[in-house]
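Look for subunit A in each of the two complexes below; its partner is subunit B in the first and subunit C in the second.
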Partner chain A sequence: MVEPLLLFDALLGLAIVALAVAVLTVHDRFAMIVLFIVFGLMSALAWVRLSAPDVALAEAAIGTGLTGALLLTTLHHIRAAPAAPVPVPGGVVVANLGLCALIFGGLAFAFLLTPLQAPGLAPAVAQNMAASGVGHPVTAVLLNFRAYDTLMEVVVLLAAIVAVWMVERGTVQAPAPVLGEIYRGFSRLALPAIVVIGSYLLWVGAQAPGGAFQGGAVLAAVGLLLLLGRLYRPQPAHRPFARAGFVLGTAVFAGVALLVAGGGRLPFEYPAAHAKTLILLIEGMVTISIAVTLAALFHGREPEAVPVSEKSE
Partner chain B sequence: MLLDLLALALIAVGAFFFVAGTIGLLRFPDTLCRLHALTKADGLGLGLTCLGVALLAGTAGEVVRIVLIWFFVATSSAVCGHLIARHVRRAANAGGR
Partner chain C sequence: MTSGLIFGLTGIAVFAIGLFGALVMVEPLRRVLALKLCSVGAGFLLVVGAWREPPEAPDPVPHALVITGIVVMISATAVALALIRRLHMLERDTDD
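So, the complex of A and B:
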């Protein structure tokens, strides 16, 4: 029997591959970014078709929305300071090709070695769901069974913003575009809704698709709207608050692990009675950190002591 | 059954407007004309599709969510259209001076 959606899936797969080729071959940078955003949306749709709504949400919010915004703002700054394109040394090209081939080979190796129709770890997760403190398997794996991996992901984000603040200290920034009154009115309308949606995604993650990364990415959009509409301008005096926001998630995550470990248990072996509370505490703090960090990544540089000259509105 | 058919018809008409908007986007000569085709057709296409999906929704909560999605997508696409048109006009003014 032929699946009714087989044609749709085949077209979707073809579209994703075609978009990937187009992203790599098109010469205009702006077109490249727009195609990449469409590629991300199609990938999110593919994740939905693979029954992985958690990954689809993350792909749509982080992989497409925020990454697209980061790429566009980078393009804006590159255009403002046109520099002669530096030819890429041949050695770098060869090294990149080698690394890509290595990753591809590793993935192909892992894929071919995986036995078909194997149950994987799903039964083990299903057996232990009652002890996890949450009702959604993905959240149970991310925040309980494999919490160490998730802690490392939060640390990666922290390292990224530290690097961006260090690197962008000396760079010249293009003035932000003035978007006007209608945009401001729209952001005032959308801001409360985004806050509600982001918090909802965080809360619902305990029982259904959603969670800290998706909620945090949606909340980061609040920062983007505020920055773009100049409803908020980063000031040097705000740096301590920003730094506190960056480390909050990592600190609470690691702190909970250490506290749990101090009571004669393994790190992340939450006491069953408090598992849900601890997981929600970690997720809440990590969400705040993710939102602040992603918004700061979009802003780019550290707020300087000397105000950057801006066009009059 | 009748409700299903009605929903199907609404979604089909909505899809037709999306296709018409896409053709306009591909065929019209300049940015403002393309924007005109896109925002009008997409606005209608989105509204009809949401209406059709809302008829198929099982619970009141789902209907509320669909209405919210319609409201925010419609608002943000109108604002996007405005921003693009504004940028085009400013670029033309800057070029004409």
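So, the complex of A and C:
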């Protein structure tokens, strides 16, 4: 007797592997990106089955939704020139196929020998939940027990937008596609709902699956709709506000860490009475930063008036 | 046979497929996607490592690591895509 849910898992696993192959083999690049988005959503579904709803939300919103938007807008910019296919020598393909098959075999062998469902760090987290200031273990790990990791992650996001602005400085790009009238009406209806959902995800993260990253990604979708519908046009004069938005999360996060340090406490060792307030403050500011940064990454080039001298280069 | 076993092998397969793509694909956009497949495969293994047979609760630490990984990956992807756009622009200007 095969359990129906296990059958579902097996079919889902096969579909995910087939989609991964299809992403790399399909000829059309638009189809490639769409297949990738389907692949990401199926992976998120698999992670729900593995009782990881936080990870599934993050993968669906950031890893699939926003990554897909980034890929599609990039495809729009580079669509002009079809990729000139330079064939890879057959020997190289076969050698790499053998290498990857070996790696698959080795990893699968190691995985099958690994004892699953070991205790891990779950008991340590459960013991200290009362001191964390929040009720949801994943949020406690992200914002309290391993807050350094999360601070560095926010710094990486900041570094990414700095790098993107530097790389594309002074370039002239085709304008992003404009949504039609129907989409404008749709975005007027959808925007308030998205703002509510994003804020709810942020708030509920203290007690249940959700949190700053998922909420920030959903709020970034507001930015995308505003940009695509031309309801907001980035101007060079708005750059200081954008920069303030990018830095806000990192600054508040690091500032709180430094402020609670001292008096025998370490950075991120929040006083128990204020732990929830401080975590919500950090999460709120980080959410704003994530939303602004992700929307800016989608927009790409920094809004600037191209100087005449650089145009002639 | 458990969900953990099935999705663990799925993750390893996706990782190997992504690695193969990153090694042999010519188009830069497709190569970025191949690396993205690798990262999802690695995420699968961490999530499987955190998984416990229900009703036991999963280990939250690997979950936090995967969420961090997802955000780092979109940062890296965004920079890679900006480089691709710039490269495309430079190639187009050379052709003119």
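Descriptive notes on the structure:
Following the convention adopted for this analysis, the second predicted complex is superposed on the first by the 261 of 313 C-alpha atoms of A that agree within 3 Å, B and C clash if a C-alpha of one lies under 4 Å from a C-alpha of the other, contacts with A are read in each partner's own complex, and residues count from 1 in each chain.
Basically, a residue touches a chain if its C-beta (ideal position, glycine included) is under 8 Å from a C-beta of that chain, and two chains touch if they have at least 3 such contacts.
None of the values given here were measured: they were computed from a predicted structure.
In the overlay built on the shared chain, the residue A:E283 is in contact with neither subunit B nor subunit C.
In the overlay built on the shared chain, the residue A:F186 is in contact with subunit B alone; subunit C does not reach it. Judged by the touch definition given at the top, the superposed model places A:E302 against neither subunit B nor subunit C. Set against each other, subunit B and subunit C touch different numbers of residues in subunit A, with C touching more.
Note for the complex: subunit C touches subunit A at residues 1-10, 12-21, 23-27, 29-30, 32-34, 36-37, 40, 43-45, 47-54, 56-68, 70-79, 81-86, 88-89, 91-92, 95.
By the touch criterion given at the top, residues 179-180, 182-183, 186, 189-190, 193 of subunit A touch subunit B in their complex. By the touch criterion stated above, subunit B contacts subunit A in their complex at residues 68, 72, 75-76, 79, 82-83, 86.
Every residue of subunit A that touches subunit C in the complex is listed here, in rising order: 5-6, 9-10, 13, 16-17, 20-21, 23-24, 29, 32-33, 36, 39-40, 43, 46-47, 49-52, 54-55, 58-59, 62-63, 66-67, 70-71, 74-75, 77-78, 80-81, 83, 85-86, 88, 92-93, 96-97, 99-101, 103-104, 107-108, 111-112, 116-117, 120-122, 125-126, 137-138, 140-142, 145-146, 149-150, 153, 156-157, 159-161, 163-164, 167-168, 171, 173, 211, 213, 290, 294, 297, 300.
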